[in-house]
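Look for chain A in each of the two complexes below; its partner is chain B in the first and chain C in the second.
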Partner chain A sequence: MNPSRLLAAPLILYLIVFFYAPLLYIALVGASIEGFPRSYIEAVSRPEFHVFYIKGAAAATIATLMAIILSVPVAFYAAYYARRIERALIVVAMVSTFWVDVLLRALSLKLLFQAIGVSPGFWPMVVGLAYEVLPIVFIASYLGASQAPRELIDAARTLGAGPLQAFARVALPISAPWIAAGAAASFVYSFADYAVPSLLGGTTGFTVGNLIYTLILEGDRWGVGSAVAVMLTLVSAAGAALLFGRLYRIEVGR
Partner chain B sequence: MPRPPVRLEGVWAGYEGRVVLRGVDIEFPGGGITAVLGPSGCGKTTLLKVIAGLVEVLRGRVFFGDVEVTRLPPERRNVGMVFQDLALFPHMTVFENVAFGLRVRGVGGSELKRRVMEALELVGLDPVEFASRRVTELSGGQQQRVALARALVIEPEVLLLDEPLAHLDYKIRQRLVWELRRLQRRLGVTTIYVTHDQWEAMELADMLAVMRDGGVVQFGRPEEVYENPADEFVATFFGDANIMPARLLGEGEGLVAVRPEDVMPLPPGREAGPGFYVIEGYVEDRVFQGPLVRFEVRVDGVVVRSLVPRRIARGMPDRGPVRLVIPKGSVKRLGGRGARG
Partner chain C sequence: MRLDAKTLLRVYTFTVLALVYAPIAALAVQSFSESPLIGVWEGFTLKWYSMIPGDERALRALYNSLSVAALSALSSIVIALLALAGYRRVRRVTLVDLAVYPPLILPDIVEAVALLMFLVYLGFPLGFYSVLVGHTAFNVAYAYIILAPALRGGTKLEEAARTLGASPLQVFIRVTLPLAAPGLISAFTLTFLLSFTDFIKTLFTTGPGFETLPLMIWNRARRPGLGEYSSYSYLAALSTLLVASSISIAAVYTLYALRRGARS
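And now, the complex of A and B:
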């Protein structure tokens, strides 16, 4: 074996111990308690669960779209037109929300909403989710914008394209896979999120994260809960694989 | 197609508060090729971008013919530009890259196809073979041709080339330079070719502008510039030159430049005529350069380079004393700030 592969060992070990092994444990225990594939069939087919899936997907989609609409213009501005200091400030400002813990952010938003008289529900939850994923989408969009160097825009302009046309025909298509990757990550993150829905969702804003929590820790339905968790993970992994495959093809120019 | 001259009047320009061009006055002749030669950082790329409208002019004015374009955005100037890194659109095929300028002008259908194919043929790319290829799959020379086709297909009034051959191998570069020259003669588009390579400048240029520190230090026909360099910088940047201190009659101490090919060894037993200076030296090195041989001759503590045709060099020693003759007319007095004190 190539010794340089050992460089990856600590991280892989870490992930195995703290993520993959517990996940596998949940999957195995879940399957052994309620039987495979019975718990999976129930997880997919029970109508009460569908509300969670649909609401969760809707909230995640809207939050992701909001994050894209908010961060893509800023990302392009930062990548193309901002001066160096301005660019650094924008990036720091956009990413700095990450420095505050997820729970604290959700909690502070909850207090803020309370102060202006907005009670928890679907839309406050969506706003909270968008707030959570904004840095993810921004970083991806910024990286995407950096893939289309300024010179390509200049080339488009000399060829007769106005600023908007140059953006639409050159900058956007080149950065689109990156924005899409950010969007996918943002969707997966908010679809599975637990903190924001439980703090800001009230009684109507339940999502998949709540469902898993409720099934496993409150309803004592380990089998079905694990089935939902495993399926969620698999769907996310498949999405990520598809996207990174596409990014890779673009990188190597196929 | 109109072939307007491009004129800059007292142009100052730069980026983010950094001034790069400092009062450039120049007129690039319509229909010809002007080479802009200078070391990196001298402002030659900025000069092109000012003409293309990609860099804001801080002071001064830019004209295409009689039309002032100083404040015109790039998309309204009808300029074809080939960028240093080519700036091909990586997400498009060869066809789509070339078609870009036509599509944004609303050209479509069979006319679009015909013009793209013609442009590809013009630059020596077989349209059938290349049209559907991705630009990232092409060799450097092929990408170069695509970039040129993309710039030419819009029938620009002015063609700007920013060191387009810098990254290519010598042989391909040589071929492309020759092709470019033929192509430009055929199309007659006003062309400005930026390079730091004096060979490219000599091969291509009708007119030559030598730049340094954000200004044009000399402008003229390449031969004129070669024969009468304005200062030490021009003398050594465009061609090679021996720079020697000299006492000038009635003018005191100064610097003179002599081209190495004007310094010739005098065969033993021969005497020079009255039109020549004769100096004694000592051959320290002999460097074979193909058609020519370069001798490094020490004269009074200064090394003088002499460039001699191969046949004449045969009778010369590798080391040893030698007498050099220099035609009096080939010694050029240097002025300006290039002179070392």
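And now, the complex of A and C:
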């Protein structure tokens, strides 16, 4: 083996010790604290937990749809119609909030909601989640929209397609895989989030993040908490497989 | 009159942007309000801002956040650079490439729970070092991904330098690093911000007495009161400063990235 490869050893060791070993630890040891496979069975079958799964999945789905509806037209406008400076302005404005602490975004929304008399609950939490994932979905849609060359759309227009038709039959199919990838990332993010639910969810807004927090940091149920975390890993791995499978197909299809 | 698609989309775009910035604007307005209560405007004041220098808890949290972010950004860049230096000439996808993706994809709450339980199992003390170690675990992955394009595969310039008699070390310092400089700036900005704004991983892996800014704001926002430092208007002032600094760093960075993208 080439000795220079050893330079990668610190990175690999670091990831093994502080990322892979902890995951393996909770999957094998952590989830067995209360007896294997009891924790897994409890995590799957306990009716009180189902509320978190169902509400979390519903909130993540609605938030993702809202983010798509809000950001896709903006992405298309920026990619196809806006001139250079306007485009830069829109992209910068849409992406910048991503770098603001999630907590501060949730807090600002909480203040706005309270100012207009909306108290925390399921729907304010859904809006909060949509607010958090909006930049993710926007970046994906903008990258997708930039894939369809302007000339292709002009060609469709020249051949007699209306603006809507050119959008629906040329631009959208090209960018759809990217939007889907953004949606998968957004779903996983909201399903697992804890920051937004803790500030905007009140007593009726829950996600799987709340469940894990309660089990681990408040309830001292480390076994079941690990089991839920392991299952969440599997869900996000499935989401990631979908995401990368799609992007891979785009690359290969070219 | 025919409404064309462009005008419609444009109106839609600016409506969405207005919605996105409405909460942040509300935060800023609240921070200048005389009243400590949400949504109550009793005149303009800067008193909430003038309280910040006296808030020792916030200053300590700021110091903690800055030191974790700087150390984590620097060490993750060094670790990533080393690994990339070892695989300079390899173009195929390696095991190292595959190993860095899961930390980017996994929800941070899972990473956080796993790390917490593993550190407790190892007997690792929870506090500054556990938070630093946790932030660096996702930052090494980001640093690697950002730096890889600039450093992978020997460039023609490097081969030319070597042909002209430069030693491998000289090539690395005089050719490779300058070429990688924009990547290094990106990597530092992003890893620093990722650590500085991290909430969930810090929440799980911190120990008693160690608080970063996001944790402090969360603790106060959960139980707001009328007390000096826990009123909503004071929190809003603190948050407005943080939001403004994050957005300006992000805006400068995005413009820089867009310009670089336009040039290549």
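Criterion: the second predicted complex is superposed on the first by the 228 of 254 C-alpha atoms of A that agree within 3 Å, B and C clash if a C-alpha of one lies under 4 Å from a C-alpha of the other, contacts with A are read in each partner's own complex, and residues count from 1 in each chain.
Following the convention adopted for this analysis, contacts are C-beta pairs under 8 Å (C-beta built on N, C-alpha and C of every residue); 3 or more make two chains touch, one makes a residue touch a chain.
The structure presented is a predicted model; accordingly, all values stated were derived computationally and were not measured.
Q: Which chain, chain B or chain C, ends up touching more residues of chain A in the combined arrangement?
A: Counting residues of chain A touched by each partner, the higher count goes to C.
Q: For A:T158, decide between first (touching chain B), second (touching chain C), both and neither.
A: After superposing on A, A:T158 lies in contact with chain B but is clear of chain C.
Q: Determine, under the contact definition given at the top, whether A:S236 touches first (chain B), second (chain C), both, or neither.
A: The answer is second: A:S236 touches chain C but not chain B.
Q: With both complexes superposed on chain A, which partner does A:I90 reach: first (chain B), second (chain C), both or neither?
A: Touch partner of A:I90: chain C, not chain B.
Q: In the overlaid three-chain picture, which partner chain does A:E218 touch, first (chain B) or second (chain C), both, or neither?
A: It touches nothing on chain B or chain C.
Q: State whether A:V170 touches chain B only (first), chain C only (second), both chains, or neither.
A: first
Q: Tell me the contact category for A:Y25 with respect to chain B and chain C: first, second, both or neither.
A: second
Q: Hey, which residues of chain A end up touching chain B in the complex?
A: These residues of chain A touch chain B: 83-84, 149, 151-152, 154-162, 165, 169-170, 173-174, 250, 253.
Q: Residues of chain C touching chain A in their complex?
A: Spelled out, the residues of chain C in touch with chain A are 4-6, 9-10, 12-13, 16-17, 19-24, 26-27, 30, 38-39, 79-80, 82-83, 85-88, 96, 99-100, 102-103, 105-111, 113-119, 121, 133-134, 136-137, 140-141, 144, 193, 196-197, 199-200, 203-204, 213-214, 217-218, 221-222, 232, 235-236, 239, 242-243, 246-247, 249-251, 253-255, 258.
Q: Mind listing the chain B positions that touch chain A in their complex?
A: Touch list, chain B to chain A: 16, 49, 52-54, 73-75, 77-81, 83, 85, 87-91, 100-101, 104-105, 134, 136-137, 150-151, 154, 160.
Q: For chain A, which residues are in contact with chain C within the complex?
A: 4-8, 10-12, 14-15, 18-23, 25-26, 29-30, 70-71, 73-74, 76-78, 81-82, 88, 90-105, 107-112, 114-116, 131, 134, 163-164, 167, 188-189, 191-195, 198-199, 209, 212-213, 216-217, 222, 225-226, 229-230, 232-233, 236-237, 240
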